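Heads up, the next two complexes both have chain A, just with different partners, chain B and then chain C.
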Partner chain A sequence: MARLASLFILALLIAACVQYSLVKAEKVAIGDVYTVDAQIAWNKKTEGKTEIWTVDGPLLQELRFIKGIEDGDALFRGGAGKKLPPFKSKMTAIEIKELFETSLAQIGVARLKTLNLRPESFGKVAGFRFEFTYALKNGLEKQGFALGAVIDEKLHMIIYSGTRLHYYPKHKDDVERLVRSIRMI
Partner chain B sequence: MLGRGGLITVLIFSLALAGCEVASFYAKEKLERGNKTAHVLLMTPDVQLGEVTAGGLVEPNAEWTAIAEKHVVAALKEQLAKRKSRLVLYRSPKADTPKARIHTQLIKLHNAVGSSILLHKFASPPLPTKEDKFDWTLGPQARIVGHEYGADYALFVYLRDTYTSPGRVAVMVLAAVLGVGVPGGAQIGFASLVDLKTGDVLWFSRLARASGDLRTPSAAAESVKTLLKDFPL
Partner chain C sequence: MRRHRLSAVLVAVWLGAGACATAPGDGDASLADEGGTAPGLIAPGAGPGVPLVPDLSPGQRPALATDEAGWWMVMDRTESKLKTAGNLVRDEALNRYVKGIVCRLAGPYCPDIRVYLLRVPYFNASMAPNGVMVVWTGLLLRTRNEAQLAAVLGHELGHYLRRHTLHRWRDAKSTTNALIFFQIGAALGGVPVAGQIASLIAMGSITAFSRDQERESDRMGLRLMAEIGYDPRESAKLWQNLIREDEADEDKKTRFIFFSTHPAPEERSETLKRLAEDALKASPAVETGDERFRNIVLPHRQEYLRDELRLRRFSRSEELLKMLLEDGVDAGELHFFRGELYRLRGKKADGDKEGDTDDKDKALAAYAKALDAGGAPPEIHRSMGLIYLKSGQSEKAWAAFAKYLELSPDADDLEIIKSMMQPMG
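Right after this comes the complex of A and B.
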């Protein structure tokens, strides 16, 4: 019951603070590091150094741009009382994938699997990519992929995820075209 | 991350504070079907009744909940019959088969879709791309459920009904004397109608009010009638 009361307060705070803005289907600058061609219109909100785009709501699908986190920063917000492990600027692709896994595990997702880590260019920069699947605490299955690169000792990532049924496949092709359109500024 | 039950309960509680009794969104205001009887698959209603304690917390009551579930299903059958529609009751598959897993995921997906509609259409923050649209869906895999039951639509119902305990009444009276408003019991919930050919959410209704009672057949019938006020069949 105490949990319900705290969730109630949390939801009101979230609703009061967060606003979405429109991202048009055109070339968009992600910070001052690169641009992408948005294939469709999205809704955008910002959390610190991260932009979160969605079409149908973040519970269903989201496209996350992590914009140059530095040594000591966490990949995600951990929620109240949860300190997530930090990024280190000398991390390899394998270590960043492990950081992703540890961070999500601490947030509380279940059955997380990361697959097929491989080199992949991030615009003109050498980067990495992997796919992943997991389930929320309530059992709803999600899947996604992450593309990343360390540029000037800062980690840039594009993470697309959504419900395995319908919402991940719905815009996967749009996001694949978007990541192929990365142009460094 | 918020659990599904927690998130939906929280959302509806926050909406209940807004004071609007019932509100709906449609993909289509009226569904055309000629003289054909529509077969509506009632997904297991998610109903819970409880008592608001003096401290303002909700204590679930299993006995009331069991009674209310029966009244809600009976009232839904009656309401659908008036609309030349037949209610078919959903039964969860027993075996852990691939088909059963899709059923489970579709139901969980509906919870996430319902939470998104509540959050972005009824509450805040709105999504700019959805400003003039109501196009949420469960996707074409919903056909699997429709085909299995020979149903045209699926109806999802979520209801929470709380009643004021004597201790809470005392707190409310004291607070009123001091000029402070303290909420008592409330009836909150939502219902949605899904097209089982396309998976599209055709209609979504939210109920939020300080009155109503699901513990007696006649009052439960009134609650269901109110929830289905703008039902498109």
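Right after this comes the complex of A and C.
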């Protein structure tokens, strides 16, 4: 009985496995809004309007492209019973940063700090950028930054994060070059 | 492998997975003791009967070959994870303060109890059989003075002193629960006792303390607090406030879980009041510890209120803020958070309802009160600026932003605020 149950769970897990595809170190279109130079090879998976790229695995580091969420959409996927706040097209950068903080708090991270919210161009569009740190429940410390802009009333964000001690710094420079290579389509 | 997995579930439950506080039957009451959230009393003579085992003595550890030692082993392992938890509150003064109250309540048992404060925005405290007590910051936000905090801590100590987990475990093995118990037990054949315990916790099968045990802990908590001079009436007051908050909740799914696992709240509240009066006759000292509580806990209230608003349970947070305002302490801060609540909720006025106003107007009114009362953080001007900006009142917005920058010249978001002020120079 127990063995059958284990097999069933295993089958479910395998079915739930996400398919990653290779992103080559070349120019890549992110939706139909902009392109970036990927700089290095990445593994990519897609969740709705979000692409998640990683080199070493999403728990260690991830580069997240939120591709134009609309009024009423949440920034991230939440679990059952979570009340992730909706994006509103008239939000200012300050409110989008609040949206990010509330979403992460709902997901359940600890010691979240967002730092240095400032204007920064997203390709040629006026956007914003901030840095952040947080800890997982098990104490693992993460670090990251987010670059975003509201284009045609839709929110586009690129969020890079990873474990503070190794996997975030490991590809930070690559990602900095990547965000500087944004070209609007 | 299995033990590791179970241990991970266990830790997740304990470290404050949000679901613990909102999903009945999820998790373990001896760990994330949603059940042990509010003190109360049982009517005299309605006790749980003859205990299966005697109470713990100070410094006592179970003999290695016993099932109780199995429980301790599992909890010791969980405790080692707690020590490095990401949401562990490390503020020394606050830790010392809560531990101090626990020690006064626990008397000779003080060295046996370790207290861990976790930054989790729900009302909760829990007690493990090995002496680990976990207190969530959502509890510190809702207790209004030291006596109310002591009421909950005393209740939790009751579970430890009366070895409720062990009673529950042995009861489950020997009574009508045996069927369920052994069905699960059969699936875990060959797993050592500690593994079985962890599994049962993870499956939620020995989840809650029984209602009788909760009643007994209520009675003990009240006795302990009254004995060291706290006003026992505060216990019923806390309970009533929690009921009030729960009743204000428009989304019944987020109700306090103890309403499903504890004795009926109204009945309990009444019993509490009556028994507090009896306790008062026995020891008439009535300390509430307001000042110490205010000096040590209230400096953290802004952080906890920010956590609270991020839950987006606006109707209950609104009631909570209203209740906190009744104390009148730091009213400016509380009005500011009321304003933040309305700004974040952003509900439009209901055209059919007379007198209903937009949340942005409610927010501005609350901010105005906050400024009158004083003590609101400088961000109040930024928040006002954002609302003015949305309503097309640019000049008022820029004036508010300018005020914010004047009060916080080193603001972290200085550049973005300046950029928002640029269009009109």
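Quick note on the criterion: the second predicted complex is superposed on the first by the 169 of 185 C-alpha atoms of A that agree within 3 Å, B and C clash if a C-alpha of one lies under 4 Å from a C-alpha of the other, contacts with A are read in each partner's own complex, and residues count from 1 in each chain.
We adopt the following convention: contacts are C-beta pairs under 8 Å (C-beta built on N, C-alpha and C of every residue); 3 or more make two chains touch, one makes a residue touch a chain.
From a predicted model like this one, the values you see are computed outputs, not experimental measurements.
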Which of chain B and chain C A:R111 touches, first, second, both or neither: second
First, second, both or neither for A:G31, with chain B first and chain C second: neither
Partner chain in contact with A:K137 - chain B first, chain C second, else both or neither: both
First, second, both or neither for A:K82, with chain B first and chain C second: second
Residues of chain A that lie at the interface with chain B and also at the interface with chain C: 1-2, 5, 79, 108-109, 136-141
Residues of chain B defined as touching chain A within the complex: 1-7, 9-11, 13-14, 56-59, 102, 104-106, 108-109, 111-113, 115-116, 119-120, 123-130, 136-141, 199
Chain A-facing residues of chain C, complex: 11-12, 15-19, 22-23, 81, 84-88, 119, 186-189, 253, 307, 310-313, 344, 346, 382, 386, 389-390, 412-413, 415-417, 419-420
Partner chain B, residues of chain A touching it in the complex: 1-5, 7-8, 10-12, 15-16, 18-22, 41-43, 45, 54-57, 59-60, 79, 107-109, 136-141, 163-167, 170
Contact footprint of chain C on chain A as seen in their complex: 1-2, 5, 79-83, 85, 88, 90, 92-95, 97-98, 101-102, 105-106, 108-111, 115-119, 128, 134-141
